[in-house]
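Shared between the two complexes below is chain A, which has chain B as its partner in the first and chain C in the second.
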Partner chain A sequence: MAEAIKYRKERIDRGIKARSDTIYMLSSYRELLYILFPRVLPISFLLLSPIFIGGGYWGKVIFYSCTFALLALSWDLLASVGLISLGQALFFGVGSYVAGGFNFYFKWPLFLTIPLATFGGALICTFLLVPVLRLRGVYFSMVTLILPLLFDHLIETLEILGGTHGLLSLSPFPSHWMAVYIAVVSVILCLFGFRRLLHEDYGFVLRGIREDDRVVMAGGINIYWYKAQTIFIAAMVGCFAGALMTHYYQFVGRSAFALDNTILPLAGVVLGGSGNFAGSVLGTFILVPLSEALRALGGLRMALYSLILIIALATLPEGIFHYLERKYHQFERMVSI
Partner chain B sequence: MADEVILKVENLTKRFGGIIAVDQVSFELKQGEFLGLIGPNGSGKTTLINLITGFVKPTSGRIYYRNMEITHCPPYQIACLGIARSFQMVRAFHKIPAYKNLIVPLYSPRVRKLSGGKYGERDDMAIDLLDDFGFERDSFVPYKPAGSLPHGYLKRLDLARCMALRPELLILDELFSGMTMSEVSATLPLIEKFNREGLTIIMVEHRLKELFRVANRVIVLNFGRKIADGPPREAMSQKEVQRAYLGTETEG
Partner chain C sequence: MEIIIYGITNSVTLVLMTLGFSLTFGISGLANFAHGAFYLLGGILTWVFMNELGIPYLLSALLSIFIVGLFGFFLYWGLMLRLRGLAINEVIATLATAVVIIEVLRYLGFSGFTYVLPEFIKGSIQIGKSWVDYQRILLVAIGIALIIFLFLFTHRTKIGLSFRAISQNERTAISLGIDSDWTAALSLSFGSALAVIAGLVILPLGSIDTQIGYDILISALAVGIVGGLESVPGILVASLILGFGQIVVATFIKAQWQTVVTLAAIVVILAVKPSGIFGKYKELEERV
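So, the complex of A and B:
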């Protein structure tokens, strides 16, 4: 008889998870580490990178990355209820102009304009989008794409809110560090907050709406009310990002409604992987610094940038985060039989 | 109040372009009745269900639930009044674990008012409920994504989703289609039990043998019109019904 096998390989992940994704059974210090590592790593990276990189040019890049990460998180939240936005620039622009306008015309300090832009801006965006909530799929996307263009043209032709020149010399943050840390902490809060939310009962209602809204209606839930709430939360995050950028630059202009503010976060989500929020943050934190680094190349920049994006998508269509997550869950250990 | 009228349908008509899917249908349903709704393919059974549950708006006619008009109410309001429905084509949240599929009805205003339930408690409620429908709590079945379950399980998941709403009127659209014999014989007694406990049921079914074991009344539709209404044996013995089921208009 062959020698008895005493050990077998087991995925650490399998051993810890008690049937479902959210219930863990931890029995050792190392298992705790296995659970904590993926959470501690991004938090410490986000909190420490501004210190290591310092102020200067790359300090600014960290700040940009954060604002775009917020827009990407906002996009991913909308997607979780099945709304595909092509108008993150709407949130960004409305937030920027509410903060900029109140600061410029009424001299409100930034600790008032930013919360006002967050809530007031989100209300404006929600009211604009609620009438089209019944539109499905691409029709909703089209409307979100058009609205920022509309605002852009209104500001240009009516010469309101500074017209083509924009609003200048707005109040700055007391320091670069304050701006960066507000941005970084917001990204962390949104990232973990949204991940948590989607595991709550509320989140399962949102996911249900994305998968089959008729079943949700038959379950006694008003899908339009939930979609409106989701738009409000997503708009708050996007408007907040815009307000931060306005005061960081001390300027707001028509560029706030530019297509870039839609495309870049979306590209970040696609690169990192959608549906889990972590991918959105990871993707933007790769893309934004990358596009800055390529700035030195001048005209070739966009070409190279696009090439990198295409290669990344062709090799990892599910997104970088999903790939990493899968690999991490495949780690094995020996267990006695 | 055993004889209270729970549902009243008056001259209900639905046209889709040139087709009249439901044609001047009227009937009353009393509390506790078990109504079988039958008819050949395309006779308007599903459309009638969609009209009652608000998923399709009628061309003309009215619908009352416990003397309250619900003709123009949206589906979620009708569901919250206690009318639960299953779908003929299997519908489920495929990427979500089976038991989490029940969170939606459990989170509805109706159930929250009736039974409360906090985060986590609803999970237990869902697992308890699914256990009754053959998703054994100690197996992996309730925790698997709904999309990975066989057809028969999805059909029962749909039924469990209806029951999670704590309905007063249950409308089942071909629940048994695609179920195995053993699944049917496990599910039928459950439905019978719900009815004995006071639940009013409308059941669309092509498996007439099973249906007639439980239903005490049938309505037969043909080309959208109601052609018979009464106890199963009487309704089925009518000439027009037999003609409709044989699929010919001429007598041999």
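So, the complex of A and C:
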């Protein structure tokens, strides 16, 4: 038996957190800065990094990071109603193929195909997933996992939508900068929009459904309707990411439904910390550049992400962002028991 | 005639693929997405034991069943137990394990025509007008034997009874002195071992390709979703429907349309009865 523990760690909010809580943050520049710093930092990083990095290879990486961040945000929104998606590739692939299909077969310009893919793709995904809502959590995961893999098989074997070759030479964005800034701005909008959404009355209902759905039902709220709406919003974001990627690559193929598009956002969310959206963006902006740096590993990268995923789950279940947030708002000290 | 023969073998193949998955899910409520990975791992381990280490077939088969079963046990004991109750993390962890196993095996290059497991008995027999391999007949026999064995196991032995106790009511089972963690770990171990047995029976019909790790998972999930996961009759019926459906479509339309059958079955069953044909209590009231 170890000797009795004399001290324990105590966490206390920093004084400045209390002082800058509501309207009082206007009382001085320090308080204002304390509130603004964590918000301005990611925005300025996202807006400025494409300019500093330029248009080359790493400029593309910024774009990839943004699309995967969108997928991660969409995952996090689903998770905040208690739906565990294992098929971000479904949203991504459906969006890609809707945008690519209309552009390839009807030659519609991308300003038409991207919104169409966003809304139409989201409708398709929602209709596919709504029946599962009545079932328990794991069923939703299973169905979302299996659907993209089946679509992948379907396109391969039936030779529809370009089959194994995919749809080539789609219309590109007018410039690299436009693509990157559309992606960056949409990440920022989703990040802050979702965070705000979950603190509105609407978001309280969503979080209530995650915590205890029967209480929400007892409150006379139709939880299926709310869940369906959430799926639609999340699918919109995912499909938008897919459509962007399609036009950026000027190509859509079976790889859109690949498991990578599920695992990478998922690893990002788990690494960054789920539940507050900022973590998912942080996680993907760590993982995607890392994975580009490790491109030489080839197929082993997937194994690596999954390993990161397992390690993060077992050792750091709260995620990086929650850790940083805690350090920012609180200090720790040892007190005697 | 051909349709009946191939339909039956195909259905039994699907049953074999699903049994382990459904056993684990039914007992511990753990959706083991690493099921396909264990199937693949078992097949490759057996091949390595036989061809690299020169161990006789029977011994290497038993050895790989044992090793993968042990792996499943320690996966539960080492990882899942930490995440127990956090549904999100359980699901992610098994899927991640699957991807690690499959992608590492793919990286090591274990696919292609050199990687073939031996058939139990070579040759084929003529039934009616069509030739059937002995392996396929054996497959049906083993499948049926395995179902009977599992039934007897869960109704007659002590471990099997404790499995059913945990799946029915965990707290009552604990109060009767059944260690639920131990039992759940055993269930994952048994499920993994069943995956390997399925692999040993099915894999000799073709060569090993790492992609089957995902394909097996798709089949198992499809059968599970259509039939209702933890009910064995549901799995049997769903396997028959999917198995015969695939063969009928393959004979009369085109072999490529088999996937369409699976997808259509899932979509239809989700629209009509989302809990599966024999799924009983998976409606919302029952939470994970």
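As a working rule, the second predicted complex is superposed on the first by the 283 of 337 C-alpha atoms of A that agree within 3 Å, B and C clash if a C-alpha of one lies under 4 Å from a C-alpha of the other, contacts with A are read in each partner's own complex, and residues count from 1 in each chain.
In the analysis below, a contact is a pair of C-beta atoms (placed from the backbone, for glycine too) under 8 Å apart; a residue touches a chain by one contact, two chains touch by 3 or more.
Keep in mind it's a predicted model, so treat the numbers as computed, not measured.
Engineer: Quick one: classify A:Val216 as touching chain B (first), chain C (second), both or neither.
Structural biologist: It touches chain B, and chain C stays clear.
Engineer: After superposing on the shared chain, does chain C or chain B touch more chain A residues?
Structural biologist: Higher number of touched chain A residues: C.
Engineer: After superposition on the shared chain, which partner residues are touched by A:Val138: those of chain B (first), chain C (second), both, or neither?
Structural biologist: Only chain C; A:Val138 stays clear of chain B.
Engineer: With the two structures laid over each other on chain A, which partner does A:Ser28 touch: chain B (first), chain C (second), both, or neither?
Structural biologist: After superposing on A, A:Ser28 lies clear of both chain B and chain C.
Engineer: Using the touch definition from the top, say if A:Gln330 reaches chain B (first), chain C (second), both or neither.
Structural biologist: Neither partner.
Engineer: Once the shared chain is lined up, is A:Ser175 touching chain B (first), chain C (second), both, or neither of them?
Structural biologist: So A:Ser175 meets neither chain B nor chain C here.
Engineer: Is A:Leu128 contacted by the first partner chain B, the second partner chain C, both or neither?
Structural biologist: So A:Leu128 only meets chain C here.
Engineer: Pick one for A:Thr164: touches chain B only (first), chain C only (second), both, or neither.
Structural biologist: In the superposition, A:Thr164 contacts neither chain B nor chain C.
Engineer: Considering only the touch criterion stated at the top, classify A:Ser44 as touching first (chain B), second (chain C), both, or neither.
Structural biologist: neither
Engineer: Let me check the overlay on chain A: which residues of chain A are in contact with chain B and also with chain C?
Structural biologist: In chain A, residues 214 are touched by chain B and also by chain C.
Engineer: In their complex, what parts of chain A are in touch with chain B?
Structural biologist: Of all residues in chain A, those touching chain B are 19-21, 200-202, 204-205, 207-208, 211-212, 214-223.
Engineer: How about chain B: which of its residues touch chain A in the complex?
Structural biologist: 53, 55, 74-77, 79-80, 84-85, 87, 91-97, 100-101, 103-111, 119, 122, 140, 143, 161, 164-165
Engineer: Which bits of chain A are touching chain C when the two form their complex?
Structural biologist: Per the touch definition, chain A meets chain C at residues 79, 84, 86, 128, 131-132, 134-139, 141-143, 145-147, 149-151, 153-154, 157-159, 213-214, 259, 263, 266, 270, 274, 298-300, 302-303, 305-307, 309-310, 313-314, 317.
Engineer: Applying the document's contact rule, which stretches of chain C touch chain A when the two form their complex?
Structural biologist: 25, 29, 31, 33, 79, 82-83, 86-89, 91-93, 95-97, 99-100, 103-104, 106-107, 214, 218, 221-222, 224-225, 256-260, 262-263, 266-267, 270-271, 274-275, 282-288
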